[in-house]
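Please go over the structures that come below.
Two complexes come next, and they have one chain in common, chain A, joined by chain B in the first and chain C in the second.
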Partner chain A sequence: MDIAFIWATFLRLIAALQVTLSVWALSVFFGAFIAAGVTWMRVGGIRPLEWFARAYIFVFRGAPLLIQLFIVYYGLSSFPAVRASIFWPFLRDAFNCATLSCALCTAAYQSEIFRGALAGVPNGQIEAARACGMSKSLLFRRIIFPIALRQALPAYSTEVISMVKATALVSLVTLWDVMSVALKIRNDTLVTYTPLLIAGAIYFVVNYMIARAFIFIEQWLSPHLRARSA
Partner chain B sequence: MTWTTALGFGERGWGPALLYGAVMTLFVSIAGLAIGAALGSLVAWAKLSGVRVAGAIGEGYAALFRGLPELLVVYFVYFGSSAALTGLYHLLGGEGFLGVPGLAAGALAVGVISGSYQAEVFRGAYLAIAKGELEAARAVGMGPWLMFTRIIGPQVLRFALPGLGNLWQVALKDSSLISVTGLAELMRTSQVAAGSTHQPFTFYVAGGVLYLALTSISDRVFESAEARATRGMRREAH
Partner chain C sequence: MTSRSVFGAALACSLLVLAGAASAKDWKTVVIGMEGAYEPYNLTDPSGKIVGFEPDVAMDVCARMKVECKIIAQDWDGMIPGLEAGKFDVIMDGMSITDDRKKQIDFSVPYADVPAALATAKTSPLAKLAGAGKLINFDKDKAAGAATIKALREAMKGKTIGVQVSTTHATFAGDHLKDVATIKEYKTTDERDLDLKSGRIDAVLDDQTEIVAMLAKDDAKDFTQFGPMLTGGDFGVGVGMGLRKTDADLTAKFDKAIKAAFADGSIKKYSLKWFKIDTTP
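Now for the complex of A and B:
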């Protein structure tokens, strides 16, 4: 076990971090938009849309991400109709399939977080805003959204970090992320643990940095709580 | 072969294999949750004990396994447990390679992940016990063991149930990652069936539906267990 090997492995894994972080960032970003839509359907009060949202959350939270990923990547491409359709240029690429599956899955979890945060906005605040004569959109922008955002943050950071971990699954659909490069180095060099240990350290540090960033954002967004303790 | 024959229980149908896979998934998840409960309560106890070193070790384990990808943990446990067992075997004078059965390695992997989360569930549940109850138990002269079996244990279980229910769902889904070790659980069986019939969509959807059945049925079980465990408690006035 020499330093040169460790360093070379580290450099190759850091290079692969780009794929891991791309899948992560894109799926969290698009997942948030899907989640916003699903949450709107879920609490909007229109029955058929509410059922659809419930079904969406049930399916994407109830089944493992791995099987969702395989349905999209291996399942859809087995239909000649899909291969002939306009979606094929998008779906033929493993990166797109992986990002799509991750986004659809995290949207279901994020949507539940959003719903909980909305439910946690105190009624008195909404009543007071209405009493002042705020319009619906102003009420959402000034009162509901800021309060809900703060309340959602802790659970949201957990979900975002669990998505970093979930992206390791894309190694099973031919993508060269940190996980699959670590396994490749392991297979090529027959060094059993070092590549996996270095990969683990990289994931751990990334997750730690994201967790710190969220703690920072939380403090930044709650100056009223900080002032009291200072 | 139509998809009904492929999924059926006939001679060329994969129905029995998929059901067997589902049972295997259930089995690995239950074993994983149990290992996790043992590890989790140990860590919770270490953190509550006030012994600095024990608490730090417990916290270190929990933080580590919550920060690593589940798939990486599965690989690591799978490769590592066989190496550890072979090493132990050599120490005892044996020769050659000893592999840990996929089922045991899989349950262990799901268990160490689940345990890192269960630690917080158990710690929170212990802290939720009303202090007066513990004082009352001491006042009537209960020893530590009797206090644990009559006062602490039952209440910790009751307060921990909702959290354990969530972690059970997580364990069930995490168990799908064990498919990479070749254990014929539900995910792996769906993969094999998809490959040999060239009908990936049918079998991955079928596998997904079986997972949904497992998660939703067990959700009901946990709901009724919660209702039963809290039947003696006062409801908050609404």
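Now for the complex of A and C:
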């Protein structure tokens, strides 16, 4: 295996990282908003909304992302009504479909993480805040949200990292992400392992940096756990 | 000389002998790996047997070489590792012979070369492209080839064309249409055809036989083949058997047998049976 091939492969894969990161960042970002809405419906106490949220999580967490992506991109476009609708300019584009599918899927997981974090807020803290006479919104802003956010972080970072890897499926809809470029180089040259190993290393470095970032945020949000400076 | 280096030398000698024995292997049985899902090159019939153009060619040339051939199914992604691990000795899977691939494995002489063809919607302006049905060989007629590419570039300006990833069609589109048209590469032809029908892509470029098979389906009645058929140039010399670089003797045997099978018209017979056209390179 010559260095020139490894270097050329590396450069092509790094160039494709932009697509991987774009799909990932946008789907995690929009997924968080959808998840916040779903969580609100799930725990808000209004029955029909709760059922809707349960159904949403059931479907998008239950079915493989690959199938969801296939249905959003190839499935919807097979209906002439969809192609005539105002959504078609959006759905026609592979990048939009990939981002939408990933966002809808991660939202289901994220909302379950949010729900778990909310449920984990100690009741004593809430009661204490109430005893001080905090209003509902102040209680949420000052007590529930900060504690839940901190509790959600470890699980949330795992979900965010797993989304980086989930974007490897978007080659299905003709996007040139890191994985699809690696597979193309593999098919073109019949070099079996090198492109995959380089792609794996790139994913590893990206995920390591994300994990480090979350550790940093976690420490920043947990001043009470840090060693006091003398 | 220490005892260790004596042992090392002895080991090296015995390895050399072994290696020598391996390269002069007396081929009695040869195992051939195919996908079993690449119609009409190879497909799996309802009973689970792999049939098609390539099994017919394989059995024919193996009989000529007086070796017993066994066909086993192997998914495309594991084809090269399977060959290198010795799971099988030959790959036959509609694999185009390219210079890049020759760095990794050896190829036999080509046993088929299917011209490329284009398809589009009947209502598309592309459908009126000149030279319909004419066969253009980029190697044999350079002037006609250049004129064809010029006309195709003109027609495809601003359009989107769909090809299967890592095919000679993708190479051709990348070399000649990239700057005027959008090229979308699909993992499978099924997915690409879905996008042709939904209007995401304006045209597809594929084997002529593949285009004919696609257009024969019920839901493709609004689509048609257009423009000339293309061969030579980026489309290469055709598809060949892939073998390990260490088995040059076996490659030579297959080359001889394939040439003999062409000479007496056998392979042409199989190609007419499975492709409905003569795919002799």
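Simple rule for what comes next: the second predicted complex is superposed on the first by the 227 of 230 C-alpha atoms of A that agree within 3 Å, B and C clash if a C-alpha of one lies under 4 Å from a C-alpha of the other, contacts with A are read in each partner's own complex, and residues count from 1 in each chain.
Here is the rule we use: a residue touches a chain if its C-beta (ideal position, glycine included) is under 8 Å from a C-beta of that chain, and two chains touch if they have at least 3 such contacts.
Computed from a prediction, not measured in an experiment: that's the story for all the values here.
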- request: Return fit or clash for chain B versus chain C, each positioned on chain A through the superposition.
  value: clash
Field: chain B versus chain C as contact partner of A:Thr194, first or second or both or neither
entry: neither
- request: Would you check which partner chain A:Leu172 touches, where first means chain B only, second means chain C only, and both and neither mean what they say?
  value: both
Field: Touched partner set for A:Asn96, first chain B, second chain C, both or neither
entry: neither
Message: Looking at A:Ser78 after the superposition, I want to know if it touches chain B, chain C, both of them or none. Which is it: first, second, both, neither?
response: both
- prompt: Does chain B (first) or chain C (second) touch A:Lys184, or do both, or does neither?
  reply: second
Query: So which one touches more of the residues on chain A, chain B or chain C?
result: B
Task: Identify the partner contact of A:Gln68: answer first if only chain B is touched, second if only chain C is, both if each is, neither if none is.
output: first
Message: In the overlaid three-chain picture, which partner chain does A:Ser22 touch, first (chain B) or second (chain C), both, or neither?
response: neither
- prompt: After superposition on chain A, which segment of chain B among 2-10, 38-46 or 92-100 overlaps with chain C?
  reply: 92-100
- line: Footprint intersection on chain A (chain B / chain C) at 74, 78, 171-172, 183, 192
Message: Touching residues of chain A toward chain C in the complex: what are they?
response: 74, 77-78, 83, 92, 94, 171-172, 174, 180, 183-184, 187-192
- request: Provide the residue numbers of chain A that touch chain B in the complex, in ascending order.
  value: 58-59, 62-68, 70-71, 74-76, 78-79, 161, 164-169, 171-172, 179, 182-183, 192-193, 196, 199-200, 203-204, 207-208
Message: Residue numbers of chain B touching chain A in their complex, please.
response: 64, 67-72, 75-76, 79-80, 83, 169, 172-174, 176-177, 179-180, 187, 190-191, 194, 198-201, 204-205, 207-208, 211-212, 215-216
- request: Could you pull out which chain C residues touch chain A in their complex?
  value: 80-81, 84, 98, 100-101, 103-105, 165-166, 184-187, 191, 194-195, 197-200, 242
